[in-house]
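Right, I'll just put the structure down here and ask away after.
Residue numbering begins at 1 within each chain, and the chains themselves are lettered A, B, C and D in the order written.
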Amino acid sequence: MKLSCNISVKHLTRVEGHGNINIRIKDGKLEEASWEVVETPRFFEAMLVGKKWDNAPYISGRICGICSIGHTLASIRAVENVFGMVPTRQTNTLRLLLKHMETLQSHVLHLYFLAAPDFVSLGSVLPLITSHPEVVQRAVRLKLLANDACDIIGGRRLHPTRTVVGGFTMLPEKEQLEKLKQRLLASVEDLKQTAALFTTFAIPDFVRETEFVSLKGTDSYPFIGGNLLSTDGLDLPEHEYKKMTNEYCVEISTSKWCRVSRQSMAVGALARINNNHHLLAPLARQVADQFGLKPVCHNPYMNNIAQLVECVQVVEDSLALIDELLGAAMLEPRQPVAVKAGIGVAAVEVPRGILYHCYDFDEEGRIRKADCVIPTTQNNANIHYDLNALARQCAGEGKTDREIELLASMLVRAYDPCISCSVH
Amino acid sequence: MPANLTYLGVELARPRVAFFELSSCEGCQLQLLNNEATLLDFLSLVEVVRFREGMTEAGDDYAVAFVEGSVTRADQELQLAEIRKKAKVMVAFGSCACFGGVNQLKNRFSDQEWVKREVYGDFHVDTQLARPISDVVKVDLMIYGCPVKKEEVERIVTDLLLGKAINHPKYPVCMECKANENICLFDLGEPCLGPVTRAGCDAWCPSNRMGCWGCRGPADAANIPQMARIMAEHGFSTETLLDRLECFGGFAAHVEEIRKKG
Amino acid sequence: MVEKIAFVDVLKDKAVDDLLHDLSRFEYTYKAEITNVYPLTQTERLYQIQIKDPDERNRFIFRPGQFVMLELPGIGESPFSISSSPLRRGDIELCIRGVGNLTNFLARLERGAEVGISGPFGTSFPVETMQGQNIMLIAGGLGLVPLRAPILHVLEHRSRYGEVDIIYGAKQPSELLFTYQYEMWRKFDISLNIIVDKADESWQGPVGLITETLKERIVVRNAETLASNTFAIVCGPPVMFKYVCKMLTEAGLPMQKMFVSLERRMHCGRGKCCRCNIGSTYTCLEGPVFDYWTVMNLKEAI
Amino acid sequence: MIFKVFAKDELTRLFEVLSVNRVVGPVQKGLDRKNRPIYSFEVVDNFDDLRLDYPSTLYPAKRYFLPFEETLSSFTLESGSWEKHVDYNVYQPQVMFGMHACDINALNKLDKVLINSVHPTPYYASKRRNMFIIGIECMPQPHCFCRSMGADTVQHGFDMFLTDLGDRYFAEILSSTAYNYLLKIKTMEASETDHQEYRQVVREKSSKFTTHVDTTDLTKILDMEFQADVWKQWGDKCLSCGTCANVCPTCYCYGVQETVDMNLQAATKTKQLYSCNLIDFAEVAGGHNFRPEAHIRLKYRYYHKHRGFVEAFEESLCVGCGRCGESCLANINVPEVIASVRYEE
């Protein structure tokens, strides 16, 4: 039994943005366990007001440096939904491929550079460069592949330059896609090695029941658009996203919090798999099985594994998408735009969970109101309550301060939070 | 890793570098991790003592501070002053730090209370106008771009190590756009700020058929009145011109002038 | 059967012994060694540089007024006037002021460091034509550097020249170059007149603008010899040589007998990059040494 | 000169024969906002991709002989010592299939500075000497003033020049290589009818010029008008963006940059085509700029092309292709600038 401890991690490292962990236990009683978000807000929803529709994807992509592609695509989809535009099959395929590659690069970044050091008791990946060069090289190879792919399809790996309302400004060349395919095929081995590496890591044993929200796949593992599904039984159309988020403000956080059926909710890779396990591609499912990842899994640390499974999932799916692109003649990259007034919502699964953009346009296509709900925003309350439960469990088990601090940090990192994005 | 490096027989001290972020998307720092192919070479050139996005250890003994993001809260001013005290070279890293970046778009509303209410309702949040870091402390070097271009960052860091002066191109993006033999976007019916924006990005956007939005700020001889004429001649409204000019804050003075003229 | 078009190796048809038209010379640099470095002032250093290969060294002939391109891999390549006697061939001296990338990095190099040298390039002072006549060598600031080669030439062939005046102006005494050689120059029967803009405690000589000293020397040398029997070489910042040349012209010295050395930005030194063009004259090919009449006819030269 | 004619289909044969080499020719690169095609010189594998009736290309074929960026030399370094490696970056002959007279004239002008002068540059010479050029007769576009610059016909600097006579080509043969290649296809001696038709085409071309530049006494007039106010007016419009130089088939000015690899084991010396309109073109160490203002730089460009080069080589450095005026977003173009300096309307 642990009697007292006082942990304060000011600006948790190896996460995107600024957040603090506070845990205070006194006389064996938990006094405080909190997830404090101190990021400065940038007010994207206000700055978009009055801007013309073509500014929306360009500006709102800057909400996040890690998932700028996801934001851009969500924004574009919201605009297209207002204008009643239906993207061509080619555009949809390319967008999904682009998104997959962002997911891959983001997950690899998280798994190797941000999460892995904890499992080998290091502060960063740097020492591994000399001690385990093959591991670092593998990570770099996977990330490079994904980023190169983003360059080819989106024009730029960060804040893409080819993605516009109506489609793309330019298309990749077939030879580029052919080369990408070869590299993706070769990456399967790297992913298997990655899985092997993660089997050597001890995933902390911690469970707290919560509600998982994600897109609902119909015939394939979902990433762009469709219904919203929760493990507590809600099934809503895309445009009713507010019922799935219910943002509210809390004192300890400049990021808002969300909840649906309970105290808190979770989104992300684990939520996606919990809701769509049956839609995983064969190899991805095999990896899930390897780690015993089955719905509904309530161990937040397993989000790391869920990300790993998704890496395999997106590579498998990308190969199919490329085959489809290679099999058809390239058509016009871009559709013309006809401006309309109205409200449009887009739900897109970005690496850290479901992302919503919603715009209200006037007749000239100027934004009257903008709303963006970020995955980490939806996770913040869950992180907070997880920390509470974890602290209680640790106190009960009599863990040392260092152990508690590490477990707490790892817990938050497992969500791969994107804090500046959640504050936007 | 070698403590000291040499070039042409001259000993070069590996600079100790630290990274900090204010209000930003952290994309510019991410660009460093996006250096995959050359990441290891990069790490042998410098000694990273602080990089919150990637490492837990945090040193306070650094010579070069890369600061990303713009200033939007009082505590950041204090933080900047602290960093300035320690750093020999203060680098404004990315357009947010150089000009305020997209963050300064909120400054265009005269009623900043409305801005807060629009996002947070009645809930209290602490915030000020978004400013470039040079408004608060002396900056020694600007690295432009939203995001910064990794090749450029690498060259700059190598040059810093060698003691070379860092010279940004003084000419506009059009120069690089032509060197890429692109079809001018105006010929394709798209607006572009290439004629007035500082080059150095290798015409990143126009080469992908996206008009330039001016993320690197004005070129040395930016001819804004002529730019306005060109936009008008090609059928683009002043609103479109202003949307782009004001997007990253680099053209703030010009925007103000155009607005004043009405 | 179809044959491919035959590949032409352009280097094959190089002219024998024609360095100026040999294609393979274009990007060729002599490997040279910094054999010695002397700090002359706060900002200027004198570098003794020797071409390493003895044959190449021997074949390196230059004329006073010409320049070389000095290269440091990865750092830069820039033009510098050769400041030593032409008799020393590929064993040259450059006096270099630290102002930018190359020149500042150079200052960090030590004896024994390797540099690349190409050249010599450009026109020179017509020291042969000047034989039998009086010479006025007028320098402002760093302008003494290109003047040192003709000075040394004149010293080495002292009997072939008439009266020799050196008129040298600097901002302050601490900026004077080659001070250790003044005594020697004077011993060769040369009238050395130095003037500074601003004196310090150590300074005994005259204070003021170079034109004041020049005025005195013009009186000494008299109008008649100036008109018929004198050449002048003027080096220094544009404002300086503009006034000096005007004064000399008014004193009767023909413009074709006055020579100046112009400085422009240069990236190749070989008449290709156009960076040094004045109007459309290549400073690196048709200059850096020009007679004043030509300069007068160049738009935007001064 | 030897003249021959051959049926149009034979050109496909000739292309096939030549295509064992790298072939570069005009192809359509896209459409502009008014749906007009845009042409460009690209490597062509397929004869059908060639558009020999192209009016003009957006960019000249410059990148094949004066690339925008070229490595001049590279260095390997080892503890204080270094080795320099030079490569002229040409490995194979190139066939330029379908260049207009103006662009071949541009090459001839470049030859004068870059090959037939002191310090000839091997980077250009090696590419130029390894070119097999097939010229093709064209019809003037509204922006063409090559006739005024004496560049509407070309006497040398190519291997073979074709004129379209409807169902056949009229070929001037200048090199023995061209002669030998023509042996591989079916050709006929040019008859009097062919000559007649050829003259007809030439007459038609002559009649179609709509843009003219008066070059009479131009060197002197430029000299006289060095201080003229018109320069200031053009300078106000100029964006100092270098576009005119970049699309010019004869602009060759450049800058050199030296970079060190991040591993400090290697360095590179690169040349980039520059433009005299860029603000720092004439800036020297310490920051002094010999041409600090846009109008002074613009004026310099005209002086170099239309006065200096004429003094040095007795011809202008402008071939009248009109690309600079077409590409300039500020609508600065040679005919209007020269006319304004001459105080013509």
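Odds and ends about this structure:
Here, a residue touches a chain if its C-beta (ideal position, glycine included) is under 8 Å from a C-beta of that chain, and two chains touch if they have at least 3 such contacts.
It should be emphasised that the depicted structure is a prediction, and the values quoted were computed from it without experimental measurement.
Relative to chain B, the most remote chain by averaged C-alpha coordinates is C. Measuring from the average of all protein CA coordinates, the nearest chain centre is that of B.
If you average the Cα atoms of chain A and of chain B, the two centres end up 26 Å apart. Measuring from the averaged C-alpha position of chain A to that of chain D gives a distance of 52 Å. Once the centre of each chain is set as its mean CA position, chain B and chain D turn out to be 37 Å apart. Chain contacts: chain A has no residue touching two or more partner chains. Counting partner chains per residue, chain C has residues 72-75, 100, 112-114 touching two or more of them.
Of all residues in chain B, those that touch two or more other chains are 7-9, 162.
If you draw each protein chain as a dot and join the dots that touch, the picture is not a line, a loop, a star, or fully joined; it has some other shape. Touching chain pairs in this entry, ordered by label, are A-B, B-C, B-D, C-D. Interface residues of chain A, counted against chain B in their complex, comprise 11, 13-18, 40-47, 49, 51-52, 54-55, 58-59, 62-66, 68, 109, 113-114, 117, 123-126, 129-130, 136, 140-141, 143-144, 147, 155-159, 161-162, 164, 169-170, 249, 254, 420-421.
Across the interface of their complex, chain C is touched by residues 17, 20-21, 72-73, 75, 77, 80-82, 84, 86, 88, 92-93, 95, 113-114, 117-123, 125-126, 129-130, 132, 177, 184, 223, 226, 252-256, 258-261, 267-269, 271, 274, 276, 281-286, 290-291, 296, 300, 303-304, 307-309, 311-312 of chain D.
Those residues of chain B lying in contact with chain C across their complex are 7-10, 162-165. Only residues 5-9, 12, 38, 41-42, 44-45, 154-155, 157-159, 162, 170-172, 174-175, 178-179, 181, 183-184, 186-189, 194-196, 219-221, 223, 226-227, 229-230 of chain B touch chain D when the two sit together in their complex. Residues 1, 21-31, 33-34, 36-37, 39-40, 43, 48, 51-58, 72-73, 76, 101-103, 105-106, 108-109, 114-116, 118-121, 123, 125, 127, 130, 146-147, 204-205, 208-210, 213, 239-240, 243, 247 of chain B are the ones touching chain A in the complex.
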